[in-house]
Structure formats: structure tokens, C-alpha cells
Amino acid sequence: ETLKIGILTTTSGPPAVLGEHARDGALLAAEQLGMVGGMETEIIVVDAEGKPDVAAQKARELVERDGVQFVIGPIFSNVMGAIAGPVTESAFLLSPNAGPSVFAGENCHPNLFGVAYQNDQMPTVLAKHMNDTGVADAFILAPNYQAGKDSLNGFKSVFEGTVTSELYVPLGQLDYQAELAQIAALQPSAVYAFLPGGMGVNFVKQYDQAGLKGIPLLTAFTVDETTLPAEQDAALGMLSGVNWSPSLDVPASKEFVAAFETKYDYVPALYAAGGYDSMMLIDSAVKAVGNVTDMDALRSALEAADFSSVRGEFSFSSNHFPVQNFYLAEAVKREDGKYATQIVETVYEDYADAYVDQCKM
Amino acid sequence: MAELLEIRDLRKNFGALAVTDGVSLSVGEGELHAIIGPNGAGKTTLIAQLSGQLAPDGGQVLYGGEDITHLDMAARVRRGLARSFQITALLPGMTVLENVALAVQARSGSSFRFWRDAGGEEITNAQARAALEEVGLADRAAVLASALSHGEQRQLELAVALATKPRLLLLDEPLAGTGGQEAERLIALMQRLKSRLTIVLIEHDMDAVFQLADRISVLVYGAIAATGTPEAVRADPAVRAAYLGEDA
Amino acid sequence: MFNLFLLQLLNGAQFGILLFLVAAGLTLVFGIMDFINLAHGVLYMVGAYLMATFAGMTGNYWLGLMLALPATLIFGLVLEFLVFRRLYDRSHLDQVLATFGLILMLSEGVRILWGSAPLNVEMPELLSGSVPLAGPLKYPVYRIAVIAAGLASAVGLWALINHTRAGMLLRAGASNRPMVAALGVDISRLFMLVFAGGAMLAGFAGAIVAPILSVDPGMGESILILTFVVIVIGGVGSIRGAFLAAILVGVVDTVGRTFGPIWLRMVMDPSAAAQTGRMLAPMLVYLLMAAVLFYSPTGLFGRRGAK
Amino acid sequence: MLRIDSLEAGYGAAQVLFGVNLEVAAGEVVTLMGRNGMGKTTTVSTLFGLLPVRAGRIEIDGRDMTRAGSHARARAGLGLVPEGRQVFPNLTVEENLVATARRGGPWNLGAIWALFPRLEERRRNMGDQLSGGEQQMLAVGRALMTNPRLVVLDEATEGLAPLIRDEIWSCLTRIRDEGAAILVIDKNADALSRFADRHYVLEKGQVVWTGSNADLLADAGGVKDRFLHV
Amino acid sequence: MSRFAPQIAPRLKAALAILVLMALVPVAAHAIGDPFLSVIANRMLVFAIAALSLDLILGYGAMVSFGHAAYLGFGAYAVALGARWGVTDLLAQILLGMVFSAAFALVTGAISLRTRGVYFIMITLAFAQMAYFFFVSQGSLGGDDGVALQGRSTLLGLSLDGDVTLYYVTLGALALVYAGLYRLTGSRFGRVLKGTRENSLRMQAMGYRPFPYQLVAYVIAGCLCSVAGVLLANLTEYVSPAYMGWHRSGEMIVMLVFGGIGTLTGAMAGALVAVGLEEVLAAFSEHWRLGFGLALVLVVLFSPEGLTGLAKRLGIGGKHG
């Protein structure tokens, strides 16, 4: 009997970087563990290609053909929707990143675990921080798609000041001069942005170049270790919400970051931590149960989350999404010249998402 | 002779250039009317307006008494008005037979038939072969039109026009690019066609024109400079100076 | 409000010029040489990556640019030699297939060489300040340089295509290559040079925008369609058209995005307006293109009867 | 100045030329005759490198040009008026003329305008906005503008009005008198025999008859009947 | 009977061979103990249907649509919406998908057909992108995230939950589409379509108005492609706007050209091989795009008519491939 784990993230094409972080994190954990769960381990890495239909097929391939008991993945929420069904039929799905609200709420599933966070939590971190620091009005923007809408709605649900303007930009927008002009005209007390990937890089650079840095820019998934290599000085001092950062003062985390940087020669972002923790979680569950056939026992063991997370204290809510701390992190240039986020403040402690009540399982 | 085609004060400009400058002309049923004139006089443009490819800027085209000025090409073809192109326009990727068969098909029942094999329609194929026979291309039926030599393409051009079963045939330099035997064959064909249908013929081959035409109109700078019998036109000194040259 | 509108018009125009800068190489290869080069986007990307590498290596923007340009030129020559010269006489669809294959290969190659994470290109000291503009907004000097580069390539291309013999030969070659050769012109060499020049222009655009846009493996793809849209709206083969179309696209996109919701609110209730606005915003460019082609099926300045 | 030796060529699987031999000396006017589809245009295309040579040899001024590129052959002094005009549709008349022009001879824009006043009137028109005959003039003018030493005309008078046709013939006579050679294919056999020096007749891809102008006029061996049907 | 029968027959034979081969896949998969192969092959079949439908307009009508994936999306959303409205029968969903597609194709086709060549390519892209963004903005359908289906459709009461059942249904659909298009392209209508591809002016001078023929072909192609969409949704049990983005349209063109345009067998083979190749290469390396791209480039450079040309050279499939 072997433990079989599939890693299914998008690792090709333009948006591959997040998937690579998650994959590398998970593989590092497996390497450190040697035998995951104390068992003969086989890890199958597949590429979701960023296409839901391809991913759905690959997921079924993993489960039906290769007989994996666990799948770590995916990164993107449209892929999540496509693979959740096929995987959870007979295996456990552990998400190192994506957590659209439906999967935390009405579509929660006994075999689905959001190891990282629920998408809407991040914006609330920044909203709460603004409340705490007395920001009276904010300008908020996000790309025009589901996750973008969720992000801004999440922000608004917590923010107590006034939202002076709520903007949706087309996905993949390159030039933000128009938005920057509006920000400059309105002079809000702060700006909240959710602009993942290249969009974030463009926005942050242009924000800096337009000389707007006097207005605090707080972001989610916009300034992190995947984008900082390009943003560099433009992002310095910008604040973002995180559930983990390489600077986190937890022994497991310090070890992880050191090992990761040695092995891969880049700074891990929270996706890497998600991948790493997912593998560690599997390890703990399989060790506890001692086999990979007893699904119910494995589920209970996963729910117990009895592993040393790089995030320190960690547990699951009843909807299988984490209860954890959330922090405010600042972009800094480390002594070795690399850029990373650094935690400056704990915003929420043991924070669970808002969808627990909608989850019936 | 009943008039089959009547053109009244037709006008067409390209920018400042009046290419058709008030042309009025009538062609009787069964007549072979040749239009000659210098290069760029507007002959092809006139044909384009008669066939519906170009919309005139002014004037009228009457066909069998009906005003067809605003009908499109397809509608005119259905009324029996067919043309050949001076600059060869064929279906290069289809066989010679298919080129002609498509013309036959256009005049025989609906083409909104989605199931039956068109290549197997014997009646259509037979008519197409007959048209090829007339122009002398029968032995090239299975060849792709693009693989024909230039002269052969000119012959095919005529076969396609014939296959639409026209009542009025507008021929734009059908002899261009054919020589010797082929030219003679086509002249003989037109001679035969003359008795069956009405023809407007544009040609720079004066031997053919004088041999075939019942009447000739000379187009110069978009206007009719002279119309008359071949003899009269040949003798017209203005025509000789503008077009024919001395040795014609 | 009106001031903001004017400002956004300007922003739209400058975005348009940036678009033209990226599309410039493509107007040469697609517009003039009539070659559908889907790999234009990756050439642009390669330019940016080379810039990032050389600028990083030398620690100097200008040195980086001086190295990146010849490097993209050589890259273009190599591509032309290996692939493109065999495709000039082939159908548009063959060109689509081959250049699609190149996109896959080159973007994967870029990922292997440089990794997936976006890279940074430092702005040169000389161009890094900003000038004050309406109210509190400052306008980055670098953007003025980008606009200048865009205008320069527009004028340069226009002169090259419409007023030089090489331009004539290119246009002639696009419609009938064998004939040009039979008249004594080494059209293959001309095409090679111009293709490489187009690649270099793409690379130039990539290098120029690198300090303001993200240098990442997706940068080519995200802009590819826009560059084609620009050329097609302008009318294939017209530099003037491409330039105007770029500005039009920039303005419609920018102004529509920022003022669309406001205008919609005048005719419908706010929540419906927000919903419709959000749906329409990403469609604007496509609506514009469909509308232009509806009224003028060969683009703004396209030749009637042209392909 | 031109020697074609046992030339073979064709399209795809179909061979069209089966060993064509042909020579043109400087200052000579030579015709290539034959019915439709006998391989005249194919010979010309192969001569200009538009079709690959399958076997045989092409020499220009004694230099082997069998494998040379089209442009090199043209630069060696060949000028082409192709069958079917093939003017550049997206260039203006004037651009058509100057794009491929080469100096070193009597032909320049002024000379072309003088020869074809009609073209000058249309100098700003696009190539495809010309009448058939005007396009033909343009094709002739374009070839002359390269100031060739051997002009090859493939049906250059197709679609031209009689007056213009005569113009072209007299122009060719002039060219010949200035020392250039001419290879001409034309349906208008009578006009050809007025000023040509020698003739070749092609039948199914082979030269089946060759002789001087006098031979042709005397119809030695019944050439006209047997091969040309005129 | 037909004059051209001797030329067409080998092409038909090749197609039959392909279909029979594909019919054996589930059996073979079982025999070698890898039943999952049929799921992979199913995806190939789905795209073969899509490629065939595109070939009708692109290969036979020279209408290069860069927006064909929109119809894949309409088919898929017909399943999602159908399921929501309680329509779970595959045929009914196909009908629904065809109604959406026909309506969209009729309107956008009529506008697009004013243009030619690259302008046509781009205007079809524009309309497809509008459809794409329409679905992205539909929050009730999951927007960009898409919607998971509760289960597969039924076919006249028969459940399609079994992979093999769905496989044979897809194969049947492919065979039907092939047969239909085979007849269609050989019919009077098909001939007119080909004629318009070759020279529209000439066709008008013969007495045809190209527009209605082109439009009808455009609508038929859209409807057939939506069948592929319905099947794709069933295969993945998931529907998302990603099915209809321009990438997809581009990939469909690539599959088709890869196989060789203007021959149905080529279109079918192109999709099968392209999807299969991607599958195989991706299994080897995360850098599979390098190999896939190389394969595409090599095919263009060395085999002008795609796989059809290759087959021709190897002497398979006869003169007309």
C-alpha cells in the first residue's frame, strides 16, 4: 500500500508563477519528510494549464487512474470549480490557495479542505486595519471578475469609513493612468486594491511613478513575493494582508523559508506556504491513521490539523477552512537584497471566515 | 428588331474622372453589337454597370423593357444576362467541369440542397460538358482551373458565361490571350451564337469585330463617339485616328 | 468633472500611443508585409526580458537598451532564417499555425531561461522624475519619453513605407513576391531585413515599456490581441490608420471605462448601471472594432478590395 | 546573350517542358510561338527562376544562371513583361514604375510617359484601378524601366487597342535598334513576322520548328498549318 | 455513380478507419487495464466535432472565424441552464444550445459577412469576446468561476454517468456530424460554398448571391459546434466562460490547420492528434509547450497541408486526402 498524492496546479503558460510556488512548497515538504505519513509515497505532479476542462480531466485522471488519495491544488478559482467535484468523490482535495466562498459555504464538502484561507478574509484584514487606524474614506479597486467582486464586497463588509469610489478594471489591464488620475483627483485617505499578478506589478509601479505614494496603498495578493521581484522599490513600504509571510516568527516557518530558499533560490510567497502546509497536513493525517483506505478516519485526522504549520497556531472551522491569524505586512528590502513582505502587526487572531454558518455537513 | 437592351444616359465617375459620360445605346434582340475604343475608354466599366457589378451614378438600364438599373448581379443573371471577365475570374481550386457545372446549377433549381451529391447530377454535368465542348475544352474537364494555361482559362471564361443559358451575353475581350486555332474556333462559336442570342462584344481584335458585328459603337473617353455598321465605322476618319490606326 | 474628462482624454491618447508603440513592429510585418505574425507578442516580451537582463547586468538603463536592441535584431534574423522565410508565400492560416507554435515555444523558452516570476527594469535616472500636471497629479517624465518613442516610430514608419523605395518594394512584395524578384530586386533579403527590423521594433517597445509595465511571461499574450485590433481598425497596411486607431482604442477604452458608469447612471438606475457598466467595460474595445468594421468593412483607412 | 539548353520543368507532378533549346543573341528579336498550353509561359517562368529547373541549363552572357535566384537573372539584364499583367495592385502607377526601376539605359519616367500618355494621366491611380489595357501598358513600362538588355514579353499586347499595339511594336523596333535583344510571345503572328529575326515553335513542351523570318514567311515545312493553325 | 467517387472514396475510408479505431479505444483501454484512456479520448472526440464544424466555414467557405469557441460555450451553458430549468435530456439540451447558437450566429454572422479576410477574423473575434464577457459578468452563473454541474445529462432516459456510455454517445455524435458534413460538402449547397470561397465575384456573375449561403453555413457550423459544447460540459461536468475565450478559438483554428483544412478527414484527424499530442507531451514534462510548439512549426514547415499533406506523402488517403 502506497500513499499517492497528486499536485495539480497551473505550472505552464503565463500565470504559472503561483502554481510553481505551491508546487515547490509541497515538494519541499515531501522531500524533507522522505516518507510522507511514514509510508511509501508517490507524488504525481500535473499541470492544470489554467484551463478548467483540462484540469477537470487531469483531476479525474489522478483520482480514477492513478488512484491518488490526496490532491493538492489548485491555484485559480475557476479551476477549483472544475476539479472539486471529480476529486472529492473519492479523494481529499487540499487547496493551497483558492477558496471561493461557495466552497466555504453552501458547497462545502467533507473531502475538501481549504488549507490556506478563504478568499474574502484578506480584504477584511485591510479594512479592519483601516478602521483601527481611523481611515475615514477609501478608494477601492479590483479586476472585473468574480474574485474581484468578492474582494471588494469583503472589504466593504468590514470597512466603516466611506468608500469614495469603487472601481472595476478589465482583467489584464496594462495602463492605470486613468485610475491614478481619479485617485489623485479624489485624494482619498487610503486606497485598497486587489490586483493579482502582472496587473498588480503594473499598478504598483505606476502608482509610485505618478507620485501618489503619499496616499497609503493597501493591497491583497498584489504585493507579495511573486510580484516583488518586479515591483522592487516601487512597492517598498506598501502594506498588504497576509496569513503568512517569510518573516513570520515561528520556528517551523524559519526552517521552511531557509530550506526553501536554499533549494529553489527564490523567496517563498504564501502560496508556497500553502503547498508546504498541505503536504504536512497530509503527513500528519496519514501518520495518525496509519493507512490510506479509511476515509472517515483520515478525514477526522485532517480535521484535527495536528501538524506544525508554518503559520504557528492552526485549526479548521467546521467548514474545513482555517482558523488562523491574519497580519498586516509591509514590503521591505531584506539585507541580502531580496524583496519580501514583513509582518508589522497582527490584525486578526484566530480568525474564521464568514461562511461557516452556510456550510451544512 | 425589338430592343432587348436599352441604355439611357448612363453615368459613372471615379472621383473627378467621368468614366461613363452619358452613354445611350440600344441593342436589338439577336444583334451582335461590338463596342470598341481606346484603352481606358470605359468599356469594361460599362459592362460592369450592365451586369450589376457596379452601380451607375446616373441613367437607366432597360432590359426587355424592364428597368434593371438597381438589380444586383445575381438577379440579372436569372433574367438571362451573363458576362465574361476581361481579367480572368474563375474558381481556381475547382475543376474545369465544376466551374461550368456551378454555372449550370445556378439556373436549374435551388442550390439550397444539402444532401444529394451534386457531382452525380448527370443532367447538370451533361450540360456543363456541352458548354466545354463548344469552347473546345472538353478534354480538360477534370483538370483544376488553376492548372490551365492562360489561353485555356480564357476559353473557360466563355464556357462559364454560356452555361448560365443567357439571352444577352456581355463578352469582355473573349479573344484576348487566345490565338490561332483557338481564336478561330471562338469566332466561329460566336458566329453560331449570334443566331441564338444577343451579344455585346468588347474586343480589340479588329478582324474578329468586323467579321462578327452587326453594329459597332466606338467609346472614347466615356462617351459614344460613333455608332454604325462595320463599314461606316471603319471608314470614319475620327475613329481611325483615335483608335484603329492607319493600317486597319 | 470636465477637467477630469479632458485629463482622461489625454490619458487615453497616451495609452493609445503606447499601444501604437507596441503595434508598430506588427504594422510593418502584418500591415505591410501581409504576414500574420501571432508571435509578435512574444518578440515584444523577449525584448523586455533582454532589456531586463542587460540592464541588470550592466546596471545601466542606456547600456542595457544599446545591448537589447541589437540582440532582438539578431534574434529576429535568426527566426526569419529558420522559420519565417519559408512562410511568406504560404496562406495566412499556415502563418497562424506556425506562429502559434512559436508562441508556445518562445514563451516556454522564456520561462525556462528567466523563470515565471516577473522581473524589474529600473528606470533611468535621467527620466525618473515627474512633472506637475492638473492639480495634485504628477505626470512621470518617463511616460513623456514613451510618448516620444511612440510618435517617433509612427513618423519613421510612415516615412519609410510611403516615401521610400524600400516601402514601395515591401508593399509590392506583399502582393506578389515572385514578380518583384523577377524584376531584379532581392526581395528575400529585403523581407529578411524588414522582418528583423519589425522584431527589433517589437523588442524596442518591450524594452521601453519595461520600466512601467510588468516583465512577465504573460506580457506578450495580453497585448497581442490589442495590437491586432489596432491594426485592423486602422485598416491593414495603413500606418496613419494604425496610429489613429491606437489613439481611438486608447481613448474609448479609458474614457469609456471611467465615464461609462457615470453616463449609464443617467439613463438607468444605479445598480443596473453598475451591472451593465461592468459588463460593457471589457467589451468596449471589441464593440468599437465591430462598429468600425460594420460601417467600414476594411477599417478606417483600409484599401477597398484589399485582403 | 541567352542560351537555354535541354530545359525541363513543370508543375508538381506534371512535367511541361521536355528539353527546350533556345538561343537569343544580342540585338536579335526572337519569337516563341505555339498554341495554348504548349509551354511558352512555362519556358519564360523557368527562365526567370519562377519555376525550378528540373534539368538542363540556362546561360546569360555565357554565365551559368541555372540555379541563380530570380533577381540575379533580372540583374544580369533580363526584363519581364509577364503574362496576365501582374501589376502591383497596391502601388500607384508611378510607384509601380519606379519601385523596381534600374538606371543605365534610355528608359526613365519621362520616356514611359511619352510612350504611354494614358499612364501619365493615371499616375496616381492604384494598380488595380486601371483598365485591362492600361495595366498592360504599365507592365510593359515597368519592364522597360529596368533598362534590360533582353526584354521578354509574354503576350504583352493582349487587350491593347490596335493603335497602342502598333506603338509597342515600333517601340520594340527602337529598343532592338539600340542594341537590346527581345524574346517575344504573341498571338499576333503577322505583326511579329514584320520585325522578328528568328522564330521558335513550341509543341507539347518541345521546340518542333525553328527558322528565320524568311523561312516562316515562306512557310517552310508548313509550320503554320502543322503547329500554329493560322 | 459519381464521377468523383474514385477520388473521394479513399478519404472516406480513412475517416471510417479513424472512427472504427476510436470505437475500439474503450475496449482496448479495458484490455490493457487503463479504462481512463477513454476519458482522454473522449476529449479528443469532442474537439474533433468542434474542428469539423469549423472546417465547414473555414475550410470550405474561407470564412476564418476567430470566434468559434463562443459556440462551444453556448453548448456548455445550454447544459448548465437546461439543468437549472429541469431539462436534463441531452437531445433537448443540444436543441437549446443550437437555438442559442443559431440566434447568435444569425445576427453576428450577418454583420460579420460584410467584411472579408483578416477583417472577418477580427470581427468574429470581437463578437465572441462580447459573448465571453457577457458570461463572465453573469454572477448567477458563477461568472468567471463557472458552475459545476450536478451530474451528467440523460439521453432518452439513459444515464450518461458511465464514462464509456458518454464516450460512445460522443463518438456517435462525431460520426453523425462527419456524415452530415460529408454529404453537405458534396451537395449543391456545398459546391456553392466552395465556389464562393474561390471567387465570390465569379459566383455572383453566375447568378448566386453568396451571402445567404455563407450565412447558412455559418449558422450550421455554430450549431454543430454547440453540440461539442454540450458534450464537453457533460464530460467535465463543469461549465465556464474559459471555454469560449479567444485562446480556445485560436486553438481550434490551430487544430484544424494542423490536420489540413478543407478536408473533413483532415479536420477530424487534426483535432484528435493535436489534443492527444498535448496530452502525451504534458505527461512527460512541465515544459510540454516547447515540444508542442515545435511540432506545430515543423508540421507547417515540412507539410504544407498539415497532417493531410503528410498522409498524402505517405500514400494514405488518396489524392484528395
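By letter and in written order, the chains are A, B, C, D and E; residue numbering begins at 1 in each of them.
Please note the rule applied: a residue touches a chain if its C-beta (ideal position, glycine included) is under 8 Å from a C-beta of that chain, and two chains touch if they have at least 3 such contacts.
The shown structure was predicted, so the numbers you read here are calculated from the model rather than taken from an experiment.
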| item | value |
| --- | --- |
| Given subunit D and subunit E, the chains that contact each of them | B, C |
| Pair of chains joined by more contacts [C-beta pairs], C-D or B-D | B-D |
| Farthest-lying chain, centroid of Cα atoms versus that of subunit B | A |
| Chain of greatest Cα-centre distance to subunit D | A |
| Separation of mean Cα positions, subunit E and subunit B [Å, integer] | 43 |
| Averaged-CA centre spacing for the pair subunit D and subunit A, given as whole angstrom | 74 |
| Between subunit B and subunit C, centroid-to-centroid distance (C-alpha), Å | 48 |
| Subunit A and subunit E: spacing of chain centres that average the CA atoms, whole Å | 37 |
| Where subunit C touches two or more other chains at once, by residue number | 107-108, 111, 278, 282, 306 |
| For subunit D, residues that touch 2 or more chains besides their own | none |
| All chain pairs that touch each other | A-C, A-E, B-D, B-E, C-D, C-E |
| Subunit B-facing residues of subunit E, complex | 1-4, 183-184, 186-192, 194-195, 197-199, 201-209, 213, 216 |
| Touching residues on subunit B, where the partner in the complex is subunit E | 51, 53, 72-74, 77-78, 82-83, 85, 89-94, 97-98, 101-103, 105-107, 110-121, 125, 160-161, 164 |
| Interfacial residue positions of subunit A with respect to subunit C in the complex | 12-17, 20, 144, 168-172, 174-175, 177-182, 184-185, 187, 197-199, 201-202, 205-206, 209-211, 226-227, 229-232, 266 |
| Complex interface listing, subunit D residues touching subunit B | 11, 14, 35-38, 41, 83-85, 118, 122, 129-137, 155, 158-166, 186-189, 228-230 |
| Complex interface listing, subunit C residues touching subunit D | 165, 168-169, 171-172, 174-176, 178-188, 237, 303, 305-306 |
